[in-house]
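One chain, subunit A, appears in both complexes that follow, with subunit B as partner in the first and subunit C in the second.
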Partner chain A sequence: MIIEALIGFTFVAALLVLLAPNEWAGRLAFALSLVPFVGSLYLWSGFEAGGNALTGGTIAFESQIEWLEIGGRSVSWFVGLDGISLPLVVLTTFLVPLAIVSAWTPIDTRQSQFYGLMLFMEANLLGVFMALDFFLWFIFWEAVLVPMYFLIGVWGGPRRKYAAIKFFVYTNAASLVMFIGFMALVFGLGDSVSSFGLPEITQALAAGELGMWFGIPPETLAMAAFLAMFFGFAVKVPVVPVHTWLPDAHVEAPTPVSVMLAGVLLKMGTYALLRFNFTMLPDQASMLAIPIAVIAVLSVIYGAMLALAQKDLKRIVAYSSVSSMGYVILGLVVFTEYGVGGATFQMVAHGLISGLMFMAVGVVYNATHTRMIDDMAGMADRMPIAVGILVAGAFAYMGLPLMAGFAGEFFIFVGAFGADAALPYAPVFTALAMFGIVIVAGYLLSAMQKTLFGPFRLETDYEVGPAPFHDIAPLGVLLAAIIVLGVAPDLFFEMIRDAALPVVEGVSVDG
Partner chain B sequence: MVDAFAYVPAIVLLPFFSFLVALGAGKYLPKGGAFGGIAATAGSFLLSIWVALTVLGGREYNETLYTWAGGEQFELTFGLLIDPLSALMLVIVTLIALLVHVFSLGYMNDEGETGLPRYYAGLGLFTASMLGFVVADNLLMAFMFFELVGLCSYLLIGFHFRQEGPPSAAKKAFLVTRFGDYFFLIGVVAVFATFGTAQFAGDGSFPVLAEQALNGEFDAWTPLGLDVGTWFTLVGLLVLGGVVGKSAQFPLHTWLPDAMEGPTPVSALIHAATMVAAGVYLVARMFGFYALTPTTLAIIAFIGGFTALFAATMGVVKEELKQVLAYSTISQYGYMMLALGAGSYVAATFHLMTHAFFKALLFLGAGSVIIAMHHNENMWDMGGLKEKMPVTYATFLAGSLALAGIFPFSGFWSKDEILYEAFIHGLNEPLLLGGWIMGLLAVPVTAFYTFRMVFLTFHGEPRSDLARDPEPVRWNVKGPLSVLGVLAVVAGFVNMVPVQKLLGVEGIDFLTQWLDNEFGGIEGVQYSAYNDLLATYAGYEAGTIAGSEGITLIVAAGLGLGLAVLGLLVAWKLYNVPEPTEHTEKLGGAKDVLYNNYYQDEYQVWLAHRTEDVAGGANVFDQGVIDGVVNGISSVSLAGGERVRRIQTGLVTHYAAMLTLGLVALIVVLGVTGGWF
Partner chain C sequence: MVDQLPQWAALAPVLALAATGLLLLLIDAIKPSSRSNTSMAGTSALGALVSLALTVWFVVAGTGHEDTGGAIYLLADAIKVDTMALFFTAIFASVTALVVVAAHDYFHDHESPAEFYSLVLFSATGMALLAVANSLAVVFVALEMVSLPSYALVGFLKKNRGSVEASLKYFLVGAVSSAIFVFGISLVYAATGSLILSDVAEGIESVDGLAGVAGVGIVMMIGGVAFKTASVPFHFWAPEAYEGAPAPVSAYLSSASKAAGFVVAFRVFTEAFPVGASLSAGIDWVLAFGILAVVTMTLGNFAAVVQTNVKRMLAYSSVGHAGYALIGLAAISAGGSGNDAVMGAAMAHLLVYGFMNTGAFLFVAMAERWGVGRTFEDYAGLAKRAPIACVAMAVFMFSLAGLPPFAGFFSKYFLFMGAIDNGFVWLAAVGAINSVISLYYYSRVVKAMFLDDPSSPSALDAVDVRPTGLYGAVIFAAVATVLLLPGFGPVIETAEAAAAALF
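Right after this comes the complex of A and B.
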């Protein structure tokens, strides 16, 4: 019941905030958003690792209620957690209060609607990470788009309409393709499954129950489904070449929305890839290992090169997400303990670090009202603490050891390098992807040198001073979390590994 | 009995606490938190001495303390490895850190710098990271602290962030070393993939497994069907990438001269004595692995010899005091690399130690001169400072004699041993001999630029008003200089190998015995074990001239010392005059090349710009082609934009309804075709 309480409370909180007056909607939303966070800590404290929820492991806090029946298969309210989903749930509930506080300064119109939508989005995100029934999961998955669309389209920058529509259409079209792909699988399984429960479907697929469907042989069906789902999720991640909605959405979105977009929404894509593609159809993933690895390396290097070319601070951070998500894909495709585990860890680490970077850039923007690198210099002189944390965040992004980003990236690298059993030429792919750590240092250090250091320069008609406490505080909290996870990654990695191992063992590696 | 090893974590953590204190409360503390740093490094220094004495008493320590990430394939852990090598390094690092903290009182506080808490926080974090690197018991932990050290270097080089130069130099330093660290990180990952462990020492350590793999006793993973020997050479070279970056070896040396933008005490601590030594220390730390791969060793020796000569020639024409010292540092680390490549683990460590003392001394001496000259570093504005700054002069001179390799100063002993070892092994290996020749040629050049610097700074007539009336320095500057001055004179006496061999006096090769576990240490991680490995797997054997070790010794030492004296005399002739003039015109076209550092910076800047061009091209491609296709598709599929617009401007409820409707429609379509209903 605790999961129902958590999601239910968040929906109610969204409603309450929506009805609250603008003046104190922000504060109310913050206070209410602490409750899901505490709830997720409670889940964490009571959590006992028991394998992967989809492959027959114990499902923590499991709750299943029959709902309705479609075509002889039951749809149920079916939720639960394992070592892969819990860290993402904690990440979500942790980021939302911080994002809400970071909105206090920049959001000055229709506050109650803004914060209400943020909480509505949170509720749906929690649903995405906890749902274990396909229909339930899909409803949450789609419902996340709605608040996001409005958050960008109403409170965004000058081209907010374009960005919001692009985001919506792009990801919605992808969802459609994915939906069809998954349905093909369900049809192919025929009578061997009696519900849309993801564990049942996963286990039926593993048992080889996939049969002919409309004369399509099961191998072709599985492959087609894999490709459709991969495309659908790849857009969400996003990977090259389906990434172009991301920078537009980020640039137009207000800071707190960018935090949620980069911090949690992108992880929906990688989470779903892991759950659906790599857990349900590992053999297809193995067959396509080389093309997927090419996409991963391309995302890392090409994304980083694009970041290098940007003149807008926020665009730099936006493109660097494409680069970081490339590492995740590489980690998934190698099917090793550290690879898949590291990919999941990197989702959390990147969520925190990109959240910090977007917030810090937002704090600078609050003071400068420009994000163009050429328009400012020497900001460290005027806002030392904010800049100090921004520098720390940038180093976290560059993979500085004892910060979370290094742990995630190192796990992926060490898991991928020797994995030539699952991925031919694994050492070559890994070494190529690792070059991303040089380029990321190149563009972040250059951008920081130009904007933060040197003699102060910014054309304004007002005095630029230090940022207010409520702008700085969330940055400090995020930085602390990044360091804690970097020093003690096993806080999450232990449970992640436990849930990742069955996935790794499920793949049949040839020779 | 209280165990010294139980306090090793405190050696690392004390400076870390001083970092936290300076960062959090520095502005409320006297001297911006300096005393916390001094107390912490003094504590670490005393503990390090205790640890060293415990090792001397015949004990060692090699334990895993913390599991960073557990796994079934392999565990990633932190641990401590205390043996003669790391104990020695602990003492060196903590001593210099302590002296630099004291010196900073004179250089930073007395000079009225702002941002002192940040400065002392940086020093504290650096010291902690460096010490963490030194005690690391495995390659991953070493890499992690290696990177943190790089961060501190970045922060401290860029200390004066309100100016243009320091932030740019800081960026360059981090970026160039990061390029090297990229290869290092591949090396770390490769070691895990190959051996399943990255422990430096002990039974299951990777150097031991590597030896077993070469004997066919251990089945090591190799990629792409490579044989183990070739693969180990590649792994060795990958790790070497990080070494070349951090120890500023050709071609990744370009960041170090720029790093002189940092405050001078920082240059002394980080860019002379400790961080730059990290690369050399790393090779020494895993020498059991390198001893198995002769190709890597030959490359190390050649890079080292080349860098020694190459950097020394650039030092000849520099006008600023710290620039001369920067190129000298690059050159001296070249010698250490040459020693490692020649298989002489002891000589490299020996030179690392003497160099740490005399180069820290020279940098601090330069700092004293810079205080006196009100931060003018140009040697052509100096002259005649010796009467006005006797302590600085005397200690600087001691350091210079050591650097030039003049008998009996410390640098003589260590450099002589390096050249001797390179020579006798080079007789059987041409690449090594090439390294030796370049190392030998660098000797007179070193002596020349060193004494050009001494004469221009301290001798002759003052050439500016600043030099006529220098600002006096206080005890906090003279104290550290005196300590290091004494060490620069006497540190060489701990390892008088040539004297022992020629005269047969026993027991004056303390350092060799120390590093050969005569007192205590970990079995197999010692000088003689490495020599056995070198002889077995790398085919190293010592040659002699005329079949006599004695004659070889005398020839090698005489050659080195003679060339050093020659260089000193030329400098004397040219610059020890009342009114010295520039003689660089005599170099002709070579002058421009040297002034411009062989255009090394230019090609790296060119590379950076070309990368940016490629990035720009990618950006145009991305916006035009990839996004263009997407927009094209969407405008076709959304034909009738007006209708879409009307839909797109609805309410949340509208959307929810649309979504549900769409979903239901989808299910119906699928249901009908799928025969559900």
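Right after this comes the complex of A and C.
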């Protein structure tokens, strides 16, 4: 019942905040958002699961209630946690209160609606990571889009309408393709499954129950479904070349929305890739290992190159997300314990680090009202603490040891380098992807050197001073979390590895 | 408790509606001084709710269900009360209740709103009668009983040229299609020798030399159905009538009246012209409905894309949805195992549609009440002045488009899945493509309300009243649209059971 209570409370909180007066909606939302965070810590403390929820491991906090029946297959409210979903749930509940605090300064109109939508989105995000029934999952998955559309479209920058609609159209079209792909699988399974429960479908697929459907042989059907789902999730991640909605959405979105977008929404895509494509159809994944690895490396390098060419601080961080997500895909496709585990760990690490970067850039923007690199210099003089944390965040991005980013990328590289079995030429791909880190260091260091250091220069008609405490505090908390996770990755990695192992073992590697 | 009631009590929902209509006339005649707008609206809403409550009670108690002795036949088999009749009566009663509550505010300054309420109630009585009709004669009479008040309702704003013009167009198309329909009935009677649906079915099996006559009759009846459901080729009246009519009437016609057309189609074509018997007589009405479904949904959606007027866009979207619901008839086959699933899904879709579409038109009614204009541009920035109503409208739009967090997702999904399971992948594919297209024009409304800025700072000054009844109806419809998602189980089960009894 604890999961129902958590999601239910978040919905109620969203409603309460929506009805609260604008003056204290932000504070109320922050207070209420701490409850899900505490709840998720409780889930963590009482977490007892073994293996992967989909491949027949024990599911923590499992709860299943019959809902309705479609063509002989039942749909139910089916939620639960395993080592892959719990870290993402904690990440979500941890980021939301911080994002809400970071919104106190920039959001100055229709506050109650803003914070209400944030909490509404949180509830649905929790649902996405906890749902184990396809329909339930899909409803949460799509329900995340609606608040995001409004958050970008109403509170965004000058081109907000374009960005919001582009986001909505891209991700919706992708969802439809993915939906059709998954449905093809379900039809192909025919009578061998009696529900839309993801574990049941995964196990039926593993047992080779996929049959002919409308004259399409099972191999073709599985491959078509894999491609459709991969496309659907790739847009969400996003990877090159379907990434173009992301920079627009990020640049127009207000800071706290960017934090959620980069921190959690992108992880929906990689999480779904891991759950659906790589866990359900591992054979197809290893057949397509080379093309997927090419896409991953392309995302890493091309995303970093694009970041190198940007003049807008926020665009730099946005493109670097494309680059980081490339590592995650690479980690998934190699099908090793450290690769898949590292990819999952990197989801959490990148959620924290990119959240920190967007927030820090936002704090600078609050003071300067510009994000153009050429417009400012020497910000370190005026806002030393914020700038200090921004620099620390950038180093985390570059993978400085003892920070979370290092742990995630290191695991992925360790897992990927020797993975010739699943991915031919794995060392080549890994080496190419590692080169991405050099570019990351290049653009982040040069951007910071230009804007943060040197003599102060910024044309304003007001005095630029240090940022207020409630802007700095979330940055500090995030930085602390990044360091904690970097020093002690086993906090999460232990359980992630436990859940990742069955995925890896599911693939039949015969060279 | 229900089984202790006499047989005729099964008609109680219909009688409740009729009695309310008569009561309204009585109040109007005896005590004209007390015929205030409020008391009239209240009485009619109460009547509709009583009818709804009776219907729900009967469904729960299993009246007319196989488990409790099967359908109840009355008046020499001319009336048949079964689960499907009750299911549709629930749709009619809900929509009627929403519309009369909303009309209370819409007609706040009208000099004699009393006629409006009695016309709506009589029309609703006709619909409920249509749902229980088991004889082609009753079908025709009930159909006219629905149509005649509708013509008057569309032209209710006597001094408004658009309203009167719409009424005339509606009447002319309606009169022609009624003539065609009744001629079709006479041909079917000539070929089969009966008007009672089950006897007609027997006649079809042994029709032999008269198959041509029966076939022409059936085609003509398809025309009558197409008119009532606003499907191609008799859809021309719909955009005109919905746009010109007072918005509550548009809501009523596009939701309840359309559902009434479908209850006739579902019952007559499955009971009087069973697929197997019709096919062996060389009459393939399933294919005819398949073609109509594809053309109707495609035409409705493409026409809706290019509209600039929200009400007209909704009118074409309503044509498109008629196309989706026609899948319920188009995707069945002789002895097909999924017949009941797909027709049940179409019925459930009509129920969900009853709430989301009525709600959308009532929002337009609210905009007309404010006087903000009718185009997409006129809706720009409305969310700043009326956030709650706009959220409700956004719910209707997303639900009509079939997006997941709302009931429209499930009802469309079940419909397309039912078609695929029954072997009609092409129908589901066309439906899905049309659904994607529809997202474009539905999201335009949301974009206008929430993202666009008003054309001038004073453009929204008209939004100065909070019409309670309209607000209540719109919000109730929105809540129902959301709650029908978790509560879809009982709805689809009832609908499938109702459909299963037809085959």
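Throughout what follows, the second predicted complex is superposed on the first by the 510 of 511 C-alpha atoms of A that agree within 3 Å, B and C clash if a C-alpha of one lies under 4 Å from a C-alpha of the other, contacts with A are read in each partner's own complex, and residues count from 1 in each chain.
As a convention for this text, a residue touches a chain if its C-beta (ideal position, glycine included) is under 8 Å from a C-beta of that chain, and two chains touch if they have at least 3 such contacts.
Owing to the predicted nature of the structure, the values given are computational and were not obtained by experimental measurement.
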First, second, both or neither for A:67, with subunit B first and subunit C second: second
Superposition-derived comparison: subunit B or subunit C, residues of subunit A touched: B
Contacts of A:165 with subunit B and subunit C, given as first, second, both or neither: both
First, second, both or neither for A:453, with subunit B first and subunit C second: first
Partner chain(s) touched by A:142 [first = subunit B, second = subunit C, both, neither]: both
Contacts of A:414 with subunit B and subunit C, given as first, second, both or neither: first
Partner chain(s) touched by A:218 [first = subunit B, second = subunit C, both, neither]: neither
Touched partner set for A:56, first subunit B, second subunit C, both or neither: neither
Partner chain(s) touched by A:154 [first = subunit B, second = subunit C, both, neither]: second
Subunit B versus subunit C as contact partner of A:187, first or second or both or neither: both
Where subunit A meets both subunit C and subunit B, residue numbers: 70-71, 138-139, 142-143, 146, 150, 161, 165, 168, 173, 176, 180, 187
Complex interface listing, subunit B residues touching subunit A: 67-73, 76, 140, 143-145, 147-148, 151, 158, 161-164, 166-168, 170-171, 174-175, 178-179, 182, 185-186, 188-190, 192-194, 221, 223-224, 608, 611-612, 614-616, 618-619, 622, 626-627, 630, 634, 637-638, 644, 648, 652, 655-656, 659, 663, 666-667, 670-671, 674-677
Touching residues on subunit A, where the partner in the complex is subunit B: 70-72, 117, 138-139, 142-143, 145-147, 149-150, 161, 165-166, 168-170, 173, 176, 179-180, 183, 187, 241-242, 244-245, 302, 305-306, 308-310, 336-338, 341, 378, 380-381, 395, 398, 400-402, 406-407, 410-411, 413-415, 417-418, 420, 425-428, 430-431, 434-435, 437-438, 441-442, 445-446, 448-449, 452-456, 488-490, 493-494, 497, 501
Complex contacts: residues of subunit A adjacent to subunit C: 67-71, 113, 138-139, 141-143, 146, 150, 153-154, 160-161, 164-165, 168, 172-173, 176, 180, 187, 214
Touch list for subunit C against partner subunit A, complex: 338, 341, 387, 398, 403-405, 409, 413-414, 417-418, 420-421, 425, 432, 436, 439, 443, 447, 450-452, 485-486, 488-489, 492-493
